[in-house]
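In what follows, subunit A forms one complex with subunit B and a second complex with subunit C.
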Partner chain A sequence: MTETSIGASSAVVAAPPATSRPAAFSGSFVPRLLTGLVILLSWEIVVRAVAPPYVAKPSTVVLAIPRVMTDPEFLRALGATLAAVTEGLAITIVAGTAIGLLMGRSAIVDRMIRVYINGFNALPMIIVLPLFSLWFGYSGAARIGTIIFAAIFAITMNVADGARSVPREFLEVARSFRSGRWRMLTDIVLPASMPYLLAGFRLAAGRALIGAVVAEFFLSIGGLGYYILYNSRAYHHNEAFVGVLLLAAFGVSFELLVNWCTRHFMPWYRRGA
Partner chain B sequence: MFRNIDFDVAEREIVAIVGPSGCGKTTLLRCIDGLLPHDAGEIWVGNQRVEEPIAGVAMVFQHFGLFPWKTVFDNVAYGLRMAGASKAEVERKVPEFIKLVGLGGFETAFPYQMSGGMQQRCGLARALAVEPNVLLMDEPFAAVDAQTREILQFELLRIWDERPTAMIFVTHSIEEAVLLGHRVIVLKGRPSSIHETIVIDLPNPRTRATLREPRFAELREQVWGTLMREAREAEFVLER
Partner chain C sequence: MTIGAIRRNAPLWISIGAGVALWEIAGRLTSAAFMVPFSETLVRLWQLITRGEFLVQLFDSAELFLTGFVLALIVGAPLGMLLARVRLLRIGIEPYIMTLYATPMVALIPFILSLMGFGFAPKVLVVFLFAVFPVLYNTVEGARSIKPEMIEVAKSYRSTEWSLWREVMLPYTLPYMMTGVRQAIGRALVGMIAAEFFLSSTGLGQLIMGASQDFDTAGVFASILVIGLIGVGLTRLGLMIEQHFAHWRQ
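Up next is the complex of A and B:
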């Protein structure tokens, strides 16, 4: 992934050498495909040889994809999970970044809350579910709460690190041009911390997804997690696996989204200052 | 850090400051900009006492200090925006100063795309855009290659001719100090103090022809002679 994004991001200066991108692409594509095929094949063989017929195997999962993808119940579940993850992540990014910036730039704030952030970050997120279900009921709010709890510390800690390591020259220039403290935060510290924020977002997005699924398992509220749980228990393993595949696809698309954002909004990143 | 440093800069005067490494030239400039606190002595710009960065003074940094996430336009606009300029003012002034430093057409370029010379032109435009009365130059051409450095020296002279300000120019290069300065202040030692002030009585405007004048060579030798002993001593000082 890395080689591809570096090659492509030079498009701003001049067209990159025509060969760089396809070469990097095919260079990692063939091995990747090979690994995938080996895994699928072994899976298929083992299940056919030793498992009862209702156990999912690649050939039957593939057949289940069109059926599941057009199932309104599945689409509702998908929509519910995606909406919750999006909402939770939006809140997480805004709140997590704000707290992280304050922590990074203010020694007092840092001293006040660092220990708690670290403590909460170390908690297994599932531990809060009994509490959240008491506070918010068996509801979407408890799910959002779990998502935020699962994701926010990754953003906060990364942004705090980023804000703390803003090059001194930048702050000196800002001071020389008489920037106010608040302007400095939004104008200098935040953009300088963007790479850290994106790294935090990568982690946070994965954790948010886990948080949503775990909450759905535990709270039995509609969503992809519950869909997978329900179908596994009903011996609809193939249907459950389509859900799992889709979750994996989310993971990949988050990664692609972050890479695209980096290239598009931060062409300056990875090129030194 | 300093002892007995006392000098004035006239409204349209370029004062060059040279001195051995580690004598605090850059620190002095930072104090004048109000970036560093000074516990004794006073710094005045016009009738304003400097305690923190003040309006009317702008600095050009050795490390350029451009923000990598801002385009040339936004970097040049930075000082103006911090000074509370209106949008119309920014739209009017920024292209003017970008053109003045010879970066016309590169408004949307990012610093990482530009050579060191272009980056420092951008840094100069950012400082000029706030239309300061005093321009502080902290070894501005130390980080660019020798040819670019020469080009930029004469560019600076041309720009100063168009928009003269008071300027304090800190440099390692004696040649640069004599070429640009109307006066050259030689600092020495730790704590540093003014060793000597040399008036550079070369005709203005300074051009490439200035470099060939016998008087230029004489003054360069004079500054070198003053500095040499200090420089030799400074070379063998251990850090405390």
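Up next is the complex of A and C:
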């Protein structure tokens, strides 16, 4: 409950600087650029001064970017992770939304499974890795399982909150026009829960990414996480760090994508208004 | 407990009872390598507790969790407040905090391992990194909610810097900071387990990994059960802290 309200409100609060782009550029671009330069410069200086030469620093990471990006091994790893995350998220969205809608619209279902959804959601997700490696072996199936487990509860909880908060009048009007239960679910409850679904998706996507990386660490199966692990063990920190940069880029772009979708497809959605 | 409280909580207990029964039945029907019944899990848990190693591991994990978490608070909260006060600094740093908040910190573990080795410090660093950005991110978000006029009014009444922080900044940012604390509790728990899995293996992470390597499914389930209960308890605590301050939010 609080999860959504916080998540959604932060989406709204986070929106203004992105919407007022001209102002953002004139007012805050210079300090942002300067801060970025200061961060990079101090990183470079500190590493050059105290750390061994293999440690990643901005100048060498930048040089590694073209090399890594054209490395077929890296592209294969990237493809494997992205495919797993996409597959896991697709399953998660369908299953998570279905369970969430059921929970939101049926008090009995809600009472039966809420305690488990909350409980699993509170579980540090990577704890299932040893169990999944027993169940599925050291395979891609264990990775997909981890991704789904990491992501699904965020979606379910948010969709359930969304389905519960559909304005009563909408449903009453639909009922007085003799709409069936199924149509009400697909035409009213589902669209009305979309902002919640998106807020849940933002959380879920980040967690899915973490789940995939951790699973690759743990299971030693090919992917971006394993690429990072392997290269950092081989003292190729620069190459490994390009992988981290890419992960960060994914994390941020999920965030931006969801904010953008909420603004453009759901302009009617105003929280707290 | 009054009759009313019992009746209110009845669905919860029925649901928990049904879950346990389902677990028991599923455990009995499937092979022992796949899943063990609830009763056997409890027996195994009792063995672990009485043998004493469990409490040692629990203590180890708690030490790691608390050290990393407290450090994250000590650094994150004042830094967030400072960013709240110095607008230019906030504008400059904000996008980077947002980026790091969205970055999967687990990806840094291999670097930490190869730079800092297997001691206690690198593990604390992992927990710290997991926990600090939610605190910072949310505190800065709270800082955005302070109207500049508030500070101007305080200033024009010749408020000292100290009372400005205490009377204006703190009440405004605290509810947001507490949202960060709640998120940080969950993340620090993940960081703790990740550190125990991938850096030197200790604590509850070692308990569950060891059980999995010995194909001791009962041990795996027992550890997951305990960590799950700890997770639920800490999440509850986080929610309580957050809600306690929530009514300050405007």
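The working rule: the second predicted complex is superposed on the first by the 234 of 273 C-alpha atoms of A that agree within 3 Å, B and C clash if a C-alpha of one lies under 4 Å from a C-alpha of the other, contacts with A are read in each partner's own complex, and residues count from 1 in each chain.
Throughout what follows, a contact is a pair of C-beta atoms (placed from the backbone, for glycine too) under 8 Å apart; a residue touches a chain by one contact, two chains touch by 3 or more.
All values derive from a computational prediction rather than experimental measurement.
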> Does subunit B (first) or subunit C (second) touch A:Glu169, or do both, or does neither?
Replying inline: first
>> If we overlay the two complexes on their shared chain A, which of subunit B and subunit C does A:Ile188 touch? Say first, second, both or neither.
In response: first
>> After the superposition on A, what does A:Phe177 contact: first (subunit B), second (subunit C), both or neither?
In response: first
>> Counting residues of subunit A touched by each partner, does subunit B or subunit C come out ahead?
In response: C
>> Under the stated touch criterion, which partner chain does A:Ile228 make contact with: subunit B (first), subunit C (second), both, or neither?
In response: second
> Counting only touches as set out at the top, which of subunit B and subunit C does A:Met69 meet: first, second, both, neither?
Replying inline: neither
> Of the two partner chains, subunit B (first) and subunit C (second), which one does A:Pro267 touch, if any: first, second, both, or neither?
Replying inline: first
> Touching A:Pro124 in the superposition: subunit B (first), subunit C (second), both, neither?
Replying inline: second
> What residues on subunit A does subunit C touch that subunit B touches too?
Replying inline: 13
> subunit B touches which residues of subunit A in the complex?
Replying inline: 12-13, 169-170, 172-179, 183, 188, 191-192, 194, 266-269, 271-273
> Which of the residues in subunit C come into contact with subunit A in the complex?
Replying inline: 11-12, 15-16, 18-19, 33-34, 88, 91-96, 98-100, 102-104, 106-111, 113-115, 138, 141, 144-145, 179, 182, 186, 189-190, 192-194, 197-198, 208-209, 211-212, 215, 217, 220-221, 223-224, 227-228, 231-232, 234-235, 239, 242-243
> Which positions of subunit A touch subunit C when the two form their complex?
Replying inline: 2, 6, 10, 13-14, 27-28, 31-32, 34-36, 39, 51, 55-56, 111-116, 118-131, 133-135, 206, 209-210, 213-214, 217-218, 225, 228-229, 232-233, 235, 237, 240-241, 243-244, 247-248, 251-252, 254-255
> Of all residues in subunit B, which touch subunit A in the complex?
Replying inline: 33, 35, 53-55, 58-59, 61, 63, 65-69, 78-79, 82-83, 110-113, 126, 130
